[in-house]
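There are two complexes below, and they share chain A, which is joined by chain B in the first and by chain C in the second.
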Partner chain A sequence: MSIKIGIPRALLYYEFYPLWITFFELLGAEVVISSRTNKQIVESGVQHTVDEACIPVKLFHGHVVDLRDKVDYIFVPRLRSICKGEYICPKFCGLPEMVRHSIKDLPTLIDITIDCIKSNRDLKNAVFAAGNFLTEDRDLITTAFQTAYIAYKEHKMILKKQLFPPFKRKKIMVLGHPYTLYDSYLNMDLLQKLEACDTSILTPEMLPKPVISHYAQNFDGQLYWSFAKKLIGTVLYLKDTKSVDGVIYISTFGCGVDSVVAHLVEKIIRRDTTLPFMLITLDEHTGEAGINTRIEAFIDMLKWRDSDENHISSHG
Partner chain B sequence: MHKMKKCYLGIDVGSVSTNIVAMDEEDMVLESLYLRTQGNPIQVLKQGFIILKERLADTVEVVGVGVTGSGRQLAATLLGADIVKNEITAHGIAALHFVPDVQTIIEIGGQDSKLILLRNQIIYDFAMNTVCAAGTGSFLDRQAERIGIPIEEFGALALQSTTPVRIAGRCAVFAESDMIHKQQLGHHREDIIGGLCEALARNFLSNLGKGKELKSPILFQGGVAANVGIKQAFEKLLGCDIIIPPHAAVMGAVGACLLAKEAVRKTNCTHFTGFDAAVSDYTVKSFECSHCPNICEVVEFHRDSALVARWGDKCGRFSSTKIKTSPTEDELAQ
Partner chain C sequence: MKITFPHMGNLYIALKAVFEDLQVEVVTPPPCSKKTLALGTQYAPELMCVPFKLTVGNYIESIEKGADTLFMWGGCDVCRIGFYNTLQKDILKDLGYDIEMICVESLNTPQKIRKFFKQLCEVANTTHSFALIALFIKGIQLVFRLDELEELMIHARPREIHAGSVDILQASFEKEIRTTHGYKETYSLIDTYKKKIQKIEINPTKEVLQIGIVGEIYTVVEPFINFELVKKLGNMGVDVHRSVTTGKFVREQLDFLPFMHSNKKNVHRAAHPYIEMDIGGHCRHTVGDTVLFGEKGFDGVVHLLPFTCMPEIVAQSILPTVEKDKNIPILKLVLDEMTGEAGYVTRLEAFVDLLWKRREYAQDEKMLSRN
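Right after this comes the complex of A and B.
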């Protein structure tokens, strides 16, 4: 019987899942992904996490609980840095400790450290450390990682193809971390709701990384957070290309990175563009009235502006 | 028989108040009702329509209905609406109607506060309060009750303040403990209330107005606009006059009326179920669906004993199924 490895469907799962799943499967494991976020996961997450954590970290705990009795190992990487010279949110560094001390009766955690702050070479050790939970064969691990990396890149390519989706009336850039954008329970189906209003969606995930890096260089200051670089690079790209009709930033209550980045993004948009901008802050509340009102009003605003412009052009 | 006057109804079902406005073809307000929702929107809507029926049913013909507010879906189901709009658009439309060159709207209601910016007569930008309800009507209500003065006198008392005390306005809990502390120190009631009004206005501007240009003319509407203390605090902070439009407390409903007029102009018919909607008996039942781990709270809405609508489920299992006139045994068992 093969070894079961559980991956919580939370946080950077949304960025790296093709890589992680392919890697463990090629090493002979059966990969079990936790259920999609649901009320039970939210409740157990809130119950099992230190109070001051943000909702995405709480959800991560809920997903770990969901996997607890189903698998032999749970993959909880300690992510310090995923790109040379850049850090990510500090909560990701302490994730294995937070999980271990908050949730009882856990299976063994695969808590390898991924730290590329100095160079990508350190990544190799992390890959072997993860692989060693399943095999001692270094060649097998290397091949598995290479194949998994290709799978990850291919997945990225598919996302980029959505850059020019079928024509719709309005294009909206939805900014935020992948785990808030793509967890439709957390964001109350925001993307689907927007699409239902005859708009097409663009996310930072759909922009090629070199494009984002290129524009991020124009930023006056050092961007040492990977998430910040991605979002600010995207906004500077929008500023130059004027490729959307409006920008919505989804943040979660208590997010440290967003407390700086959301403000910078808003500042750039308001100072250098005329694009409508809206910040939506998510937390544990389940009432959808607030978010629906904001979306409807935002779409009304876009369309109203549009009809106003048409009005002017047709009359003179 | 005299000719029936055509009229439009606008209904704004908010968290604290439910407002109903009737307007004629010339946009004159015929009736306006401001009722406390008191956590029971259905009962309040019924009550409102009993009053309206008495005052209007013999003289007017309702040709269009618009609904807005956080309870808009409920109101639409109950009364049959021609347009269901969010509060921001409704408030913007209403403000433009009274002051066509309005550039800024401050709207403070029961649980929401909104800042709406307009340029060239279109909504240009808006912001709504996020997780905290500090500075909204329900917080003021609570404080008035705690100090033991009617909310209607709250604003007038604030005007009597000579040296308003400094109160933390960032959070309702902190503001309250600050107020209690100042009371224990022996400050005058007027100064504490005056200080609270300033704290709320300051909180509104730093929270919603951050990075935004608030240009004159500025309108102040929503239930809290009746509070002269808050109005004065805004004027002091912004250094310009603030206009309180007519019908400020029911502006959302006025906007809904105007939107209804626009909507039926295209369709020429109304979905209004009639004033008798009020006479029907409404019951709401709710249950927890156990079909998946989301355990949604599904609400079932019945008119007289017939099921008319269901909502609250994430998957659409209940809300999207066509309602039959009488539910089957099977459905009731779920």
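Right after this comes the complex of A and C.
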């Protein structure tokens, strides 16, 4: 029977899942992904995490609990830096510790450290460390990782193809951490709801990285966080290209990174563009009705601006 | 040029003296107050951590008092501190203040120190970097002496015979320091007060509780934000031990220098079974010092953290395990602009009561087992 490795469907799962799934499968493991976020996961997450933690970290704990009795290992990497010179968030860095001290009776954690602060090549160490849980064969690990990396890149390409979706009336840039944008339970199907309103969605994931990096250089100040660089780069790109009709930022309550980044993003947009902007802050208690009303009002406003300028019927 | 800097405990005393010796006019920010915090809260992003808000308040108050140059620190870190300068510059610019800013990054490598001196040369309008280095060392000396003075007060407070003796001296020190200028005067005033404190009548054998304070540095050393925790505990009959102080922080930053020693390695070693990495902020210290306090047999630990403080939330998740392993009760106090003093004091008093009871209980147990 093959070894079962659980991957929590939370945090950077949304960024890297094709990579790690392929990698572990090629090394002969059976990969089990935790269920999609649901009420029970939210509740057990809240119950197993310190009150002050942000919702995404609470959800992560919930997903770990979901996997606890189903697998031999759970993949909980410690991420300090995923790109040279950039950090992520202190909580990513202490994730295995938080999990280990908050949840009892855990299977072994694959708690490898990913720290590329000095050089991107340091990723290698993490890959071998992860692979060693399954095999000693370094060649096998190398090939598995190379293949997995290609799978990951292909997945990224697919995301980018969505950059030119079929023509719709309005284009909206939705900003936020990938794990708030792509966890539709957490954001209450926000992306689907927007699409249903005859708008097409753009996320930072859909923009090519070099473009984002290029624009991020225009920022006056140092961007120490990968996430800040991505979002601020994206916003500076929007400012120059004016390629969308409105911007929505989905943030989560208690997120230290958002307290800085959402502020900077809002500032740039309000100061340097005329784009409508809306900040949605999610927490455990956010009601769906309230969100729906805000989305509808936002979309109405976009259309109204249009009809005002171009005399197009608002019923169209 | 009129220079100012943010408050962080007693650091202002050392900074002021050093800048004065550089012949720079100094505007010391008014002590942190409700007004400072209100100003900071008004102009800072809503969900920023409270140290940021208070420093913004300090800047605004100083600028209104005539400061035109800001001396700020920050720099690359895993945490939000890396963004302090960028955001603060932006906020002050929006407020229409025309000011010069000197940003110091952390000083943990020789290159960074060199850069720091270059900036200092600009401030002082001098090229005599030797004199500057000498002055820099003097500044550090002051920080250390101030720490010592504080330690003396902390030791005397719970043991004083006449209630309030230490607090009276502390108040008069803080008043006199305002009219003291330069290194020499400051040094000798600190010295005078050290002697005065040592002369306070105390009961050296009085039974006192031993409580460690751990957490994010700013909330530990800035009395305004922690409602004068150190003083309050002292007056409740507690000997207080702080995990981080300005002096310790300076030591740790500079301990690659041959003449500088810190306890950092020890703390990291103690933290190691629980957390191995530097994840930003003071997480490793919080955990490591709690372990050490537990091993020393302290009665309890108070964990201070700003609301939404990322590294301390990680520490907070780990601390229950340490609490159990080392059998040391921990009181967590989350601080921000909404924290009310009344509730805070109630929790503190309840905690101190609990620790006394625990101690009595332990002593009874010992007696029983002996008989």
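Assume the second predicted complex is superposed on the first by the 310 of 316 C-alpha atoms of A that agree within 3 Å, B and C clash if a C-alpha of one lies under 4 Å from a C-alpha of the other, contacts with A are read in each partner's own complex, and residues count from 1 in each chain.
Here is the rule we go by: a residue touches a chain if its C-beta (ideal position, glycine included) is under 8 Å from a C-beta of that chain, and two chains touch if they have at least 3 such contacts.
In this text the structure is predicted, and so the values were computed from the model without any measurement.
With chain A as the common reference, chain B sits beside chain C without any clash. Look at A:41: by the touch rule set out above, it reaches chain B but stays clear of chain C. In the superposed model, A:301 lies in contact with chain B only, and not with chain C. Using the contact criterion defined above for the overlaid structures, shared-chain residue A:183 touches neither chain B nor chain C, since it reaches no partner.
Counting the residues of chain A touched by each of chain B and chain C gives the higher count for C. Applying the stated contact rule after C-alpha superposition, one finds that A:276 touches chain B and leaves chain C untouched.
In the superposition on chain A, A:78 makes contact with chain C only, not with chain B.
Of the two partner chains, chain B is the only one that A:293 touches; chain C does not reach it. Using the contact criterion defined above for the overlaid structures, shared-chain residue A:15 touches neither chain B nor chain C, since it reaches no partner. In the superposed model, A:267 lies in contact with both chain B and chain C.
Across the superposed structures, the minimum distance from chain B to chain C, using CA atoms, reads 6 Å. Across the superposed pair, chain B and chain C both touch chain A at residues 253, 267. Touching chain A in their complex are the following residues of chain B: 70, 85-89, 112, 120-126, 128, 130-131, 211-212, 292-296, 314. By the touch criterion given at the top, residues 35, 38-41, 185, 253, 266-267, 270, 276-278, 281, 283, 285, 289-290, 292-294, 296-297, 300-301, 304-305, 308 of chain A touch chain B in their complex.
Contact residues of chain A toward chain C in the complex are 49-50, 52-54, 57, 78, 80, 87-91, 93-94, 97-98, 101-102, 113, 220-222, 224-225, 228, 253-260, 262-264, 267.
Residues of chain C touching chain A in their complex: 45-49, 76-80, 82-83, 85-87, 89-90, 274-275, 277, 279-281, 283, 305, 307-311, 313-318, 320-321, 334.
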